[in-house]
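Two complexes follow with subunit A in common, the first pairing it with subunit B and the second with subunit C.
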Partner chain A sequence: MTYGTTVPHPGQPGEPLDRPADSAALPRLLPAQGAVPVDLRTHLHRFGHLPYTGRAARLIPVLQAAGLTGRGGAAFPVHRKLAAVAQAGTRPVVIGNGAEGEPASEKDKSLLWISPHLILDGLQLAAEAVGSDAVGLYLSRHPRLLDKLHAAIAERAAAGVDRATVEIFDAPPRFLAGEESALASRVNGGPARPRFKPPMVFERGVAGRPTLVHNVETLAHLALIARFGPDWFRAAGTDDEPGSMLCTLHQPDGRRDVVETELGTPLRSLVTLDGHTQAVLSGGYHGAWLPAADAARMTLSNADLRPAGAFVGAGVLAALPADRCGIAEAARVARYLALESAGQCGPCFNGLPRIAAAMAEIASPRPDPRAVTDMIRWSGLVQGRGACHHPDGSVRFIRSALHVFQDEIILHGQGRCVDPARRPFLPLPADTALSAADWS
Partner chain B sequence: MSGITQSTALWYASRATGVVSLLLLTGVTLLGVLVNRQGRLPGLPRFVVTGLHRNLSLLAVAFVALHVLTAVFDPYVTIGLVAIVIPFTSPYKPLWLGVGAISLDLVVALIVTSLARARINRRFWRALHWLAYLAWGGAVLHSLTASTDLHRGILLYLLLACIAAVAGAVIWRISQAGRELPQEERAAATLDMMSPRGVRSPARRGPRETIR
Partner chain C sequence: MKNQLRVDPTVCSGHGLCAELLPELITLDEWGYPIVADGPVPRSLDRHVRRAVTDCPVLALKLLPASRTAARP
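Right after this comes the complex of A and B.
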């Protein structure tokens, strides 16, 4: 199920298959004919050759005009990151971030599998823009995905498409592995654990050099903007939040899809928001819950989501069915988040397990009433005091669950639960991090 | 003993605030040694230890300031304002007051870098913070030599107790270092420590309540 699919047409020989002359047409990143991996020949036929600009920094004002923001979750303006790295010093490094440590998100893996050449195009263009010849791709450790990307890079090398050689780095399956400084640490040969900042990664990252880190979807958009221009990019989305993005949708019936949609799309067009859904999680496990009735009035935009305490993030939308226990779900995720702590900062490795234990208490029948007050106290103590935003994001998720599932908490206090069987809904990995080896 | 004149009042105040400063600095150093201990200090959660460490250090600076100013403005001995921060420039006991000045300089450096911790390189902050031991040692040496107060009686025992406490804490901390959990295992260990009610809690020995 892909939202906004255009009807494929054969086109004339020599004409690109899907020239986006109809500017607002989707999909852009994903092929129109479905989730079929695109090889180099098809990619060049559809989009034309890689439009190197010929000079460093030339792409930056184009990206500024387009208003492209990062698609890794933070939504930082892309042109500013490029400018910062270009100015930070000599011999910068560019790394595409495809680690996708968020268990509820599949869009980066899907994009890497289906449209690797868009991402690799974006890497080359970003490298040219900051004057870098040291380029890498940081991926989650799936053997087939790694093989595919190795093959795609080899294909491009044989065709002489790439100017900078792309080296592949693999990430351990940790939630924090995709954090910028964790990425830099891993690429440097160490464990994928966040580092204290300053210095920022764009100043001193890989091998002590200024490092540009971009989510792979961001690079794919970059590659298209370089071809079709900022006006084309802005034809989709809203004025303040232009463009399209990939979303991972979790429907109440258990279906999971990766779709490409434009920013500003009503949430009810993406996930089922009828009586079968009680709440929607937006932004993944560092995101926030919204009651279904509220979500039904909102669009996929920070303008709508931020005032409600949520955000677009990396496009994870999970619609929790009405017959599941939201607190039990939140408790499962809280336990996962606690175990994914890198163990470096006291407030995190002490506070998150305590919060998770309190959540487990609340999720059980007739919980100790002190559990909620304990949790509120601990939440206040762990925020803003670590090397990364893991405790802050986790607290945001948990606090929103306490708020949205208040009625469920009251039910539990009476010894009842909407789902006594506690069937799990949200995806979580089966393995936890047990030792140092799990971070490398 | 003659009555307390204005001059002797300042002198007594300087000695008294000096003793209090030494006690506070010893307390700060102890808390600093213990703050990284894994597992719980009975009755003192970790955030209390760090909070106390910070607050006490600020209080210690206040008392050191009083100690230093009363000493400088005491007309009986000539010390001079400059000697507060620049060591060995005091006409009176230049060596031992110099040791005190060095200790003060270090304490100020520790506090300033700690207040600006978010803005400076963490490794630099950590490296500098090791100088806390030097600052405390300097304070002890200065206390012992700048006056004879701590050479006998209850103040001597106090001094010995301070030295014993810090030495003991450091030795204990070194012995614990080998037994610390690797960082990657800490969160799981804390989670194991928390047992949700209904699993191991003694209050739930009876048949488990059914959920309606």
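Right after this comes the complex of A and C.
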């Protein structure tokens, strides 16, 4: 089994890919070398033309056999979502989700920048599979990225490869902007805030129509499975969690990389897990911390991570060095998560700021001992009580920090800290939402 | 069909009327927002449940078929 981006792909850019079905080699989604954006000509030369099936629903059993799951974080089976939308009613809408509101994740932006045509192929093929002619792409608001995708779509229009016209929508820079119902609201012209479910977005989303929302990386895998088939896809990964995925890796020395790797890759071959790493954050700011010694025995798979309270999510792995304060990090993120509440649900907009304040107290020297008990109570109160999973994910993150950084909490009780300077490690955006306008 | 009681938390503004009308199933948290008991609504409470649903000042309380609350594609 191969891993990572260092293994050359058999189809070098500019050379036709002869027998892709024989190859499990990575990378699949990214170019074999470098990070130069792939234009349409190079893309079609490497992968061949779009394999339209000629009829709705034909691709769905192929995706089922491949076992592709959503790469946006929830790992939901892709074929079930397509089948649900195809059955939900007439004139469905298909949207590629490239909002990537998670500050620790860069993989969607990287893929959109480097391999836009794989994503745009996936959009067309998914639209055909559910019988849709209304297709959109929802992108984080980076001017260069938006220009790039507009140019890629124009390139395809000139070459006549697309059947449905792709409309681009921009997402506000909010953590929750990519939540499916927030996406639907934004595309409908409203704020990118989650709404109460039911109805689910696959039943009633954009313009009140059944709406298929897939993460952009998921669409890129879909475009390759449509070409090379389920067996090719399954040549990488594990039986239960097949294929490859993009990960954003945060190394203890501060280095940040986006790599493509197989599911089932040992975590220790992705991030440095020697004695200088104390813990790993898996799954981003709705994910969970793992002690480095535990993470060193695990692979990148939900089979390994779920029993430990974590999950693969959208492939964020952050290795916290031993000389940083995990509680201070968790307090910074908790404050961010509280500020990123959409402010709609009472338990969330009341609970998360209190939880964040308690976390800040625990991060300070000689904290009030009531802070921990308060936080445990508030965490229980907010869980399961939002219109979206923001309170649940935030609580998962905080609870795992309290568990994994217990020794640090004891140090703080003695008025000490492993890093009195409190140097920040995890990336956080500088600005947060101040008014309703910041959600549009 | 078994029904389940759900609060739309984006609409609820914490009036607390539901907890007065239906203390068997609804309590209030320390900020005044309703906590609804899990599981299907007992038939014996049907009348009280319907009253609580129709009397919510912002219509945030919803009675949904149990199958609709577990919905995911």
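Just so we're on the same page, the second predicted complex is superposed on the first by the 419 of 440 C-alpha atoms of A that agree within 3 Å, B and C clash if a C-alpha of one lies under 4 Å from a C-alpha of the other, contacts with A are read in each partner's own complex, and residues count from 1 in each chain.
Just so we're on the same page, a contact is a pair of C-beta atoms (placed from the backbone, for glycine too) under 8 Å apart; a residue touches a chain by one contact, two chains touch by 3 or more.
Bear in mind that the values here come from a model prediction, so they are computed numbers and not experimental data.
J.: Specify the outcome, clash or fit, for subunit B and subunit C once both structures are aligned onto subunit A.
T.: Clash.
J.: Considering only touches as defined above, state whether A:148 meets subunit B (first), subunit C (second), both or neither.
T.: A:148 sits against neither subunit B nor subunit C.
J.: With the two structures laid over each other on chain A, which partner does A:420 touch: subunit B (first), subunit C (second), both, or neither?
T.: first
J.: Per the overlay, which chain contacts more subunit A residues, subunit B or subunit C?
T.: Larger number of subunit A residues touched: B.
J.: With the two structures laid over each other on chain A, which partner does A:350 touch: subunit B (first), subunit C (second), both, or neither?
T.: In the superposed model, A:350 contacts both subunit B and subunit C.
J.: For A:80, using the defined touch cut-off, is the partner it touches subunit B, subunit C, both, or neither? Pick first, second, both or neither.
T.: So A:80 only meets subunit C here.
J.: Applying the touch criterion given at the start, work out whether A:433 contacts subunit B, subunit C, both or neither, answering first, second, both or neither.
T.: first
J.: Quick one: classify A:196 as touching subunit B (first), subunit C (second), both or neither.
T.: In the superposed model, A:196 contacts both subunit B and subunit C.
J.: Would you check which partner chain A:381 touches, where first means subunit B only, second means subunit C only, and both and neither mean what they say?
T.: After superposition on chain A, A:381 lies in contact with both partners, subunit B and subunit C.
J.: Once the two structures are superposed, pull the subunit A residues common to the subunit B and subunit C interfaces.
T.: Residues 193, 196, 198, 344, 346-348, 350, 381 of subunit A touch both subunit B and subunit C.
J.: What does subunit C use to touch subunit A in their complex?
T.: Listed in rising order, the residues are 8-14, 29-33, 35, 64, 68-69, 71-73.
J.: What residues of subunit B sit close enough to touch subunit A in their complex?
T.: Residue list for subunit B touching subunit A: 46-47, 50, 119-122, 182-188, 190-191, 193-198, 209, 211-212.
J.: Quick check: in the complex, which residue numbers of subunit A touch subunit C?
T.: Interface residues on the subunit A side: 76, 80-81, 83-85, 193-198, 200, 202-203, 344-348, 350-351, 381, 385-387.
J.: Please name which positions on subunit A make contact with subunit B in the complex.
T.: Of all residues in subunit A, those touching subunit B are 191, 193, 196, 198-199, 335, 338-344, 346-350, 352-354, 356-357, 360-361, 364-368, 381, 415-417, 420, 432-436, 438-439.
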